[in-house]
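Structures given as structure tokens follow.
Two complexes are shown next, each including chain A; its partner changes from chain B in the first to chain C in the second.
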Partner chain A sequence: MNATKIEIEQLTKQYENAATPVIENLNMTIQEGEFIVIVGPSGCGKSTTMRMIAGIETITSGFLKIDGHIVNHLPAKDRDIAMVFQSYALYPHMTVFDNMAFGLKIRKHKKEVIQNKVHEAAELLGLMPYLKRKPKDLSGGQRQRVALGRAIVRNSPIFLMDEPLSNLDAKLRNQMRVELLNLHRSLKTTTIYVTHDQTEAMTMADRIIVLKDGQVQQIGTPEEIYRQPANLFVGTFLGSPQMNTMPITLKKRTVYLNEIAIAQLANDINSGRYQIGVRPEDWLIVETGIPLTITHTELLGADLHIHGNFEHHTIILRCDGKSTYTIGGVIHIMPKHLQLFNEQEQNIYVKLLGE
Partner chain B sequence: MKQFVLKSMPRTIIVMLLSVVMIFPLIWMLLSALKTADEIFAIPLTWLPAIPQWDNFANALKLAPFGLYIWNSIFTAIIIVFFQVLFAAMLAYALTQFTFKGKKLLFQSILLTYMLPAAATYVPSYVIISKMGLLDSLAGIIISNSISVFAIFILRQAFMQIPTELLDAARSDGASDFVILTKIMMPMSKSTIFTVVLISFVQMYNNYLWPSLIVKSEENFLITVGLNRFFTTQGTFAEQWPLIMAANVMTVAPLLLLFLILQKWFMKGISDNGLKG
Partner chain C sequence: MKKRLTIALFVGIPLIPLLTFWFIPMIVSVWLSSTDWDYISPDFSYVMLDNYKQVLTSSDFHQALWNTVFFGFWTVLPTVALGLGLALIVRKQMVGQTFFKGLLFTPWITPMVAVSIVWSWIYEPTIGLFNQILGFLHLPQPQWLTDPEYAMWAIIIVTIWKNAGWAMLFYLDALSKIPDELYQVGDLEGANAWHRLRHITLPLISPTTLFLVVLSAIDSIQAYDQIQVMTQGGPAGSTRTLLYLYYQLAFEQFNMGEATAVATLIVLLTALLAFILFFVSKRWVHY
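Up next is the complex of A and B:
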């Protein structure tokens, strides 16, 4: 259907009394029909970015272009952007039908058109039996659907979703996640989705934008973000359990962890002190390597997470759920893949010998 | 349970006594409206009229157009309340939704005018009304009363209770300020607005001093002014007292009726000051 390209150039938001900007020099281009997820810890400016796009927050400097037109000063009501809020923001004095029809009524659509569109969306979201109810008589999941429905009926070229699933319980969240994706596949609306939930980010996004302190850390596909994190922050922010990080010394392409040689780099990198990051699934259990004293194991069905100590380092590795290990026992491990971060915590993108 | 009853006994008795003191004049007025003059001044007091004098009402109406007075009062009160709510809603919207220089100062100065004794504003207001050529007209009464600081304050409080996300949602749904005010904020503050309407209406209906300064000709009299005039002209004659009482009953009747119908809302208005959203 209709989808729109969004370009953001040098976008900055600074509140009057704040020392540092909430968002600084944000640049990105969102393609037509793309599903973009913005992730980051709370206070990183992800919601602010979204609100600037929606037009409910003013832009301090930079440009926001929708379909090539600068819309910095276009009021929210004229941007034709549908937004889903974390609190759902349903109008409590209106029925489900009226909630969904509100945007259309304002735009003075014909009664039959409104009726058709609302019924179509209600059908899609399974809300037909509830059209006459008020929001207070609905469950969380139903309210969430109404909020979505309100966005869908508008037929806007852009959807903005601000943590729309965070108020739902885990099961419902998984279900709604799939429904949202199906919806996006059928509507092909350009979507920007803000979340702090990394599962949502990894599973839903065409591309992920990782924000921290108002600065873009990395923009890329979920795989790029996971496999090739631009820096230490991105590496540790996405992935569960977290990426293991530890300081190492590099001498002639050999990685030493507390005097133990744990890996040979394929790339020629200056010797010195670095940090490495190893994903829990990137450890190999071997005959001789890092001796790890097992402190704790967690069986998650298919996977087993092993927590262990080596000197003062805590390491987590993930292995097959069928294997068993005794707590207090010692296993030897070696990384089969790692990230090497320099002093500025930037990734140097190395490969191991034989990788 | 028994202990509780015993403990609350003195309080209950005091409240009951106070209620009797409060309601006695009203009952006395109702009864007196049906008595003859002799019965009103009889010693010892007679409670019930020997024969209810229903003619008192008709006779009172013959002496002064109370119907017109009551109509004037209700008419002006309704229009005044309409404008008060309209202006208060718009001002409260600006005070809660817009950011502009001097917003705080504006609100503070609005509150400041509330602190001024009303009598202090009579002279300047009178001069303004007179320069506008609105002396001795209902329009003068309406215009001079059409802004209520109380309504502004209460509505502002109610509007502040509405979650910002809801208004953001309305904005991205394409709603203009006017639509947000009339379709979202006012319906959501329904109970507060209703309370304001009731309180303001009663206040305006009972308003005496200021209207009595403005209106001079009888056809513009509000009921409060008309009643006072009736009392001062007829009150010297003892035999007219039943008629005065009848006029009083007619004056109070609309409010009593309103109170009986909307009792629940009056109580609510008093108990939560209309601050609930």
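Up next is the complex of A and C:
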């Protein structure tokens, strides 16, 4: 089975009764065998984009190309795309087995072939004990896995997954994440994956697409997205706890936060007012710097999150879980790395002196 | 104590009409079927099962039984199928949907007697609308209501015409409850129009189908108005169903014993039908 390239050019979707488009001039190229993760706030158009690619939602304007051919008007059934629906969309009158076998039966595969494929997928997803049950007798997580299984058995060159693990417990989710990645590595299926889970986005993606209000904010590898966010939104959207942001003044390469000099830039940037973004792990605890009054701490096993106030700024930093701090005490901190955002909230990509 | 009284009241009051109009008449009817009462004279004698013997061996009964089954089969299936077909068509179109729904539903709210009178004009052999159209199409123009070959079909057509819109309304509701996503999955999985109907639509509306089959089957056993107005069971008993036979025995021949025997048999037949449908339905109805 050959993996397939998907090209999206100026793709726009506007519902008839809506004032503004849900998706506006979307451009992206998804390479053969690539694993793409789409993230973005609820309602930003992730599902809509997938549904257009799948062919179950009409395209208002722009082009969708699969393997170089424009498929805007190709019916869904001829696109050979497997999709996991956000709402599962299982057939209530069919057993788990029949739900998973539906597409294969319709495509007239041999009985033994269907049986083998369904059992293989059920094994992978831990669904063997439930094959004879109807969806209404399953838990949410089990239903979700059936939806996933129905897509897996199809062996399509394109695999769309709309939050396929959202309903699983943490352990099962980690396990399924690994299984899906293994599956992807062995089949090399071109995959588009929607998720709200940071870990999934960071660990699974070849490239991440960040969407907001139907517009692409940034496309890049997880590292690029995390280390070099294109704008303030991307910076704060990915990463947990969130990137610390605060307004600063820049005078001759020196960054001032409320009159305290906190960093020296290596680049020449016009003086003026900016916003900086500092990841929680990018703070250094120093002798003199920003005096931070600790309000509370959270121990998350290996990491310790320290929440503190400096004047009216709230700052979170992450440090080793073995250290202890007293609430109400004051520590001094300095950024070792930061993002500088201009008035349009675009990143100007600066480096600190000595970085 | 007070609670018991409340229960007795709430169960008891609805039971009064049920007793008066259903249980008591039924028991009296079964009792009458063992007598030779002639509907008028005050005296009668018991004949035990003679009425049943008489009825079950009479050719009129056999003919009526066959007519009932024939009428039931050819009204229930087409009514349900046509109802579904209309629902599928009406649902697709956007403009004038309410108008068409209304138009197709009007026959159901029109009294059967009125409908039958109008249709007996339509069936009029020489100037009736039906034969005018058939003549225009160069098709045979039968004597609809007076030819034993065609009379039953005439009754069947009216009955279907009256009930199809009603079935359509139930199907429209059932269809609107199927989530779009189930069809979208079907599209993705490669389903064509037939697959969609066979594997998605039909199973998901099967409870409605069962409901409609049961109700129209019972309705077909109780058909009376259209037969009374259009053919009075004739010609040559070709439109005489069991219920109409009961009516003729009771109120034309005043043979109450045999009539109530037929009535009892109708009840048994209905029970048998319900029983069969209940068991058969387990195989194809998905709740």
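Observations on the structure shown:
Everything below uses one rule, namely that the second predicted complex is superposed on the first by the 335 of 355 C-alpha atoms of A that agree within 3 Å, B and C clash if a C-alpha of one lies under 4 Å from a C-alpha of the other, contacts with A are read in each partner's own complex, and residues count from 1 in each chain.
Throughout what follows, a contact is a pair of C-beta atoms (placed from the backbone, for glycine too) under 8 Å apart; a residue touches a chain by one contact, two chains touch by 3 or more.
In this text the structure is predicted, and so the values were computed from the model without any measurement.
Superposition of the two structures on chain A shows chain C clashing with chain B.
After overlaying the two complexes on the shared chain, residue contacts for A:Gly103 are found with chain B and with chain C alike. In the superposition on chain A, contact of A:Gly55 is made with both chain B and chain C.
Of the two partner chains, chain B and chain C are each touched by A:Pro92. Put simply, more of the residues of chain A are touched by B, taking chain B and chain C as the two choices.
The intersection of chain A residues touching chain B with those touching chain C, taken from the two complexes, comprises 51, 54-56, 75-77, 81-83, 85, 87, 89, 91-93, 102-103, 106-107, 150, 154.
Chain contact summary for the complex, chain A toward chain B: residues 51, 54-56, 75-83, 85-87, 89-93, 102-103, 106-107, 150, 154, 160. By the touch rule above, chain A contacts chain C in their complex via residues 51, 54-56, 75-77, 81-83, 85, 87, 89, 91-93, 102-103, 106-107, 150, 154.
Residues of chain B that touch chain A in their complex: 163, 165-166, 168-176, 179, 183-184, 187-188, 190. Every residue of chain C that touches chain A in the complex is listed here, in rising order: 179, 181-182, 184-185, 187-192, 195, 199-200, 203-204, 206, 286.
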